[in-house]
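Chain lettering (A, B, C and D) follows the sequence in which the chains are written, and residue indices restart at 1 in each chain.
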Amino acid sequence: MNTATPPSLPAAYGDERQRDVANHLGMWTFIATEVLFFGGLFLAYVVYRVAYPAAFAAGSHTLNFWRGTLNTAVLLTSSLTMAMGDAYIKRGRRTALRNCVAATASLGVLFLAIKASEYQEMYAKHLVPGLPFDPAASPPLQLFVFLYFAMTGLHAVHMLIGLGLMAWLLRLNQRGRLTAAHHAPVEMFGLYWHFVDCVWVFLYPLLYLIPQR
Amino acid sequence: MNAEDPAFRPLFATYAALIVLLALTAAATALPTGWWSTPIGLAVAVAKASLIFVVFMRLRSQSPLVRTFALVGFFFLAIMIALTLADYVTRLVPV
Amino acid sequence: MTPTEPAERPRATPSYLGGETSAASWLGTLDHKRIALLYLFTITAFFVVGAVAAALMRWQLAVPTADLVTSDTYNRLFTLHGVVMVWFFLIPSIPTVLGNFILPLAIGARDVAFPRLNLASWYIFVSGGLLALYAIVVGGVDTGWTFYTPYSSTYSNGHVMVMAAGIFVAGFSSIATGLNFIVTVHKLRAPGLTWFRLPLFVWAIYATSIIMVLATPVLAITLVLMGLERVLGVGIFDPRIGGDPLLFQHLFWFYSHPAVYIMILPSMGVVSEIITCFSRKRIFGYPVMAVSILSIAGLGFLVWGHHMFVSSQSVYAGVVFSFLSFLVSVPSAIKVFNWIATLHRGSITLSTPLLYVLGFLALFTIGGLTGVFLATLAVDVHLHDTYFVIAHFHYIMVGGGVMAYLGGIHYWWPKISGRMFPEAVAAFAAVTIFVGFNLTFFPQYLLGYLGMPRRYMTYPAEFHTLNVVSTLGAVVLAVGFGLPLLYLTRSFLRGAPAGPNPWGATGLEWQTSSPPPEDNFAQTPVVTGPPYDYPPL
Amino acid sequence: MRRFLASWDAVSGWLPAASSMAPRVDRVLRGLLAAGIAVAVVLTVLTLIILVRYRRGSAASRSPSGIATWKIEASWIIGTAIVFLFFFFEGAGVYADMERIPPGLPEITVVGRQWMWDVRYADGRREFNMLHVRLNTPVRVVLSSEDVIHSFFVPAFRLKQDVVPGKIVSTWFNPTRTGTYPFFCAQYCGTAHAQMIGAVVVLSPGDYAAWVRGNPLPRGGTAQERGLGVYRRFGCAECHEDPQGRRAPPLAGLYGSRVTLAGGERVRADEQYLRDAVLLSARSRVAGYALTMPSYDGIMAPSDALDLVAYLKSLAPPPQEAQP
């Protein structure tokens, strides 16, 4: 299964393909840890939705359906532009990569802006845990709202980290460090960004689409 | 950005599929699906996530080892949820 | 694998210790061997901190109503002992010291897959440790290492946030090390070294890394949720808004039971290496041993509910978790039988590493059997949260984990330091630890059955005699643990030089010089046969 | 504390088995102990023999033992699994009986509060850190906590049950030996966790009657009477006894009936439901009633809530319509 490494090669690896596979293995292991890191929140969501279906339905009702849907579209588009960027750098198209990463970053910022407006709206409705909570709301509704802020908040933190990494990618690209041969940082960041998008793909139905029975 | 390059066609096709699926879920809320809407929503979410995993994250062209690494996290998450629910769901059942 | 003769190396290339020895060369090293030593010094320091806390607790418990410390201080002591020993000594001990040093050597690689990440892991570990020490110095935490809500989130006035942040940060070091080792074992094995030719130590480190990578993130999110609840005053574990404190226990123990397998699996790998070397014989039932390691790692994720049998968890869940807990103890029992079968018809030399392994076999067996007591539902109702549980997990963690860790340190000491340790003193220390350990913890099994709850700073009078015996044992144990610190330091500086293979063992790590050069092997060794391929007796 | 600590009859040597369940738990434990010691002794002796017989340089023959390895492996894998399954079923059986609370037992409400046990009997008597029970009369202990998680642990009865805040948890025991047996808080609960100790005093029927006579009913009367006082003080009748029955559901016969909640689920109105209805009111809003009941959390003392629950349980269903 592992290619025979010529004994005299100084690099810690055999050939370049060996290093690429190692990078992928490492990144996918990291994504597995992220799955379980968000998993704790999904567990809490499942347990409390089974325990308080009515409160969760009411909670989902307080969220803005259209902005949620729009945000999902924004994030899916940013995944497309990131994937295109990755395809471009593999062909050495550095300017095209810069445009794609810039597009992805701006879509990310747009997502966070929409998210911030949703948070502001929740603040206006006194539905922010920790602050004086809307007395009319049933206690388990506060549970839903806490989970809403925890899940989307953690997701937003991952988006911010993504934006920081994209700035780093752009600087690397500017200094010519990203070429057709050496494009691992773009590919690895792509995996991270697509994963963060996948988290939102699950958050959207679970938080926004609970039917009012 | 020449879009008709062979490498880009699957990307656009996937993106289109994702947007259609999103529209599907959004529209489904209007239908009186009642209890069924959550499973449908999750099924569509799984479909979207798999599309992103396979195409955008290029799992398609990875070795089986990398594919296993990609799925192992979900397997243990399923164990955590299933066994914790085994406690919560059976709490009220008298011995 | 028949050891191929290493080509005669020109003496020009210095050992990994030789090169530059400036502080910058140590603190900036990417060499897995130096990073292993950095971890060795760090976790030894933490071991001393944890041990001092244990000594104070045993002193306080020598008499029923002692007033050596106030109850608040005692609560901070047992929390400190728990947190420091679990996260800053036991979990890193074998993987980061022996794993870092020996894993690349044992698979014929020059270094781990991501050397920079390896050094980053150490810095993350140290910063987590400093955060925890800061939390201890400014006033400590009194929640116990389990941080159960609502005490930790609402009622405790200790520095819970800083301690939780320290553990959160140290968790990333665990994840990074696990990730590094997984990719290393997959991608950097020497040619010819297929999976079923891997030494069992490599299997153990690989399985431990999988647990580290998959379980630690759940601890991270649990600490974040507890921290949020503590800061915001409201959270998902808060009964006032319909939350359930048991959900915290589910999330916490989903990490913490696999964590105890992180602590014991590497020890099983070390024991397999030492037993085969000092009985000059192949391991008995290699495939079963390898599969047992993986099944312990896998099943370890299914059993966490046995910590919650009496916590008003549903009866059905209790039955399910009890059954799965019995299932997970089968592979451990199999490994003990296989180890003894390995000794059978061998040519046994009673050296110090083997003494530690024999101590491991005895104490791990007792610890394992009492673990089965606690997995039995009816018995656990009586024994849960008593000193029986304390004795059980110390028999596994100290009797098993630390004994194997010390055995491994002694076994690979010639390779790490290039020098031998004094055999007589080392053997005496091993026996002292064994005697002191049993004197300290065996009485606690009886205390537990009699009903002495854990985390009590004072106790009713009739538990007095057993506690006195336990405290005396702790003194002997302290002496036992102190000795290796002394003679190993002396040996590191002035010990007799050791050749490449003082024990005549068969691992790849023994085919290079002691201490090994910077890039481990002159040329990458080629493996041709199964592990532990000792000549027929 | 000193007083009743001194009055213990010394826990002579081994732990007394003073409840109906204790001997059964001890039987399982002795079985485990016997099997454990047997395995440990066999392994130790075997290892010592091997160490001596096959030490380096000894003359013993080292030729492989001829039995196929997989046969040996299979034997001890299956052997271990069978022994473990046996003890699993033993333990689970006794555990099921421990958790199955016989119906209709007299109730003692024990409230865990940071660092003391507040004990209340059905007839209204109240004690701290002391439980007086009659020999051979099984009792149901209704546990709740007002702050953190405690754990009601009576070693002599082999009984332990965590007391989780926000939850009413019941357990039971049948005392089979007279005497004074300590009970502890087994779940760490803060500064004076080590002082949260009490004693269960098991009295012969005669002594118990004497004790009852010796301790007149406290002024407050039974829990139900105190509950009625709370009912009136908080004006529950205003909504719940509204003639048209529009503003709030009638409470007569509520306990034990099935209730349809606003969310559409049907739940049984047990103690937990009643307590939550008072302290976490919106969580259990009944279908068909627009008005949301205000939450009394923080307004009504938890002990009053427990008395109110006792009163609601005593409200027999109105004779004419049978509850579903």
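Everything that follows uses one rule, which is that a residue touches a chain if its C-beta (ideal position, glycine included) is under 8 Å from a C-beta of that chain, and two chains touch if they have at least 3 such contacts.
On a predicted model such as this, the values are computed, not experimentally measured, just so you know.
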Greatest Cα-centroid separation from chain B: which chain?
-> D
Pair with more cross-chain C-beta pairs in contact, given B-C and A-C = A-C
Return the distance between the CA-based centres of chain A and chain C, expressed in whole Å.
-> 34
With chain centres defined as C-alpha means, what is the inter-centre distance between chain B and chain D in Å?
-> 43
What positions in chain A touch 2 or more of the other chains?
-> 21, 25, 29, 32-34, 36, 39, 43, 47, 51-52, 55, 139-140, 213
Contacts with two or more other chains, residues of chain B listed in rising order | 65, 72-73, 76, 80, 84, 88, 95
Name the residues of chain D that each touch 2 or more other chains.
-> 96, 99, 280, 283
Please name which positions on chain C make contact with chain A in the complex.
-> 109-111, 113-115, 117, 175, 178-180, 182-183, 186-189, 191, 194, 213-218, 220-222, 224-225, 228, 231-236, 240-244, 247, 250-251, 523-524
Going by the contact rule at the top, pick out the chain A residues touching chain C in the complex.
-> 1-2, 4-5, 7-8, 12-13, 18, 21-22, 25-26, 29-30, 32-34, 36-41, 43-44, 47-48, 51-52, 55, 129-130, 133, 139-140, 142-143, 146-147, 150, 154
Would you pull the chain D residues touching chain C in the complex into a rising list?
-> 5, 10-11, 15, 24-25, 28-29, 32-33, 36, 39-40, 43-44, 46-47, 50-51, 54-58, 60-65, 69-70, 72-73, 76-77, 80-81, 84-85, 87-88, 90-96, 98-99, 114, 147-149, 151, 153, 155-156, 158-162, 164-167, 169, 182, 184-195, 197, 280, 283, 297
So, in the complex, the side of chain C touching chain B is made of residues 186, 214, 218, 246-247, 250, 254, 301-302, 304-305, 308, 313-317, 320-321
Along chain A, where are the residues that touch chain B in the complex?
-> 21, 24-25, 28-29, 31-36, 39, 42-43, 46-47, 50-51, 65, 69, 72-73, 76-77, 79-80, 82-84, 87-88, 90-91, 96, 99, 190-191, 194-195, 197-198, 201-202, 204-206, 209-211, 213
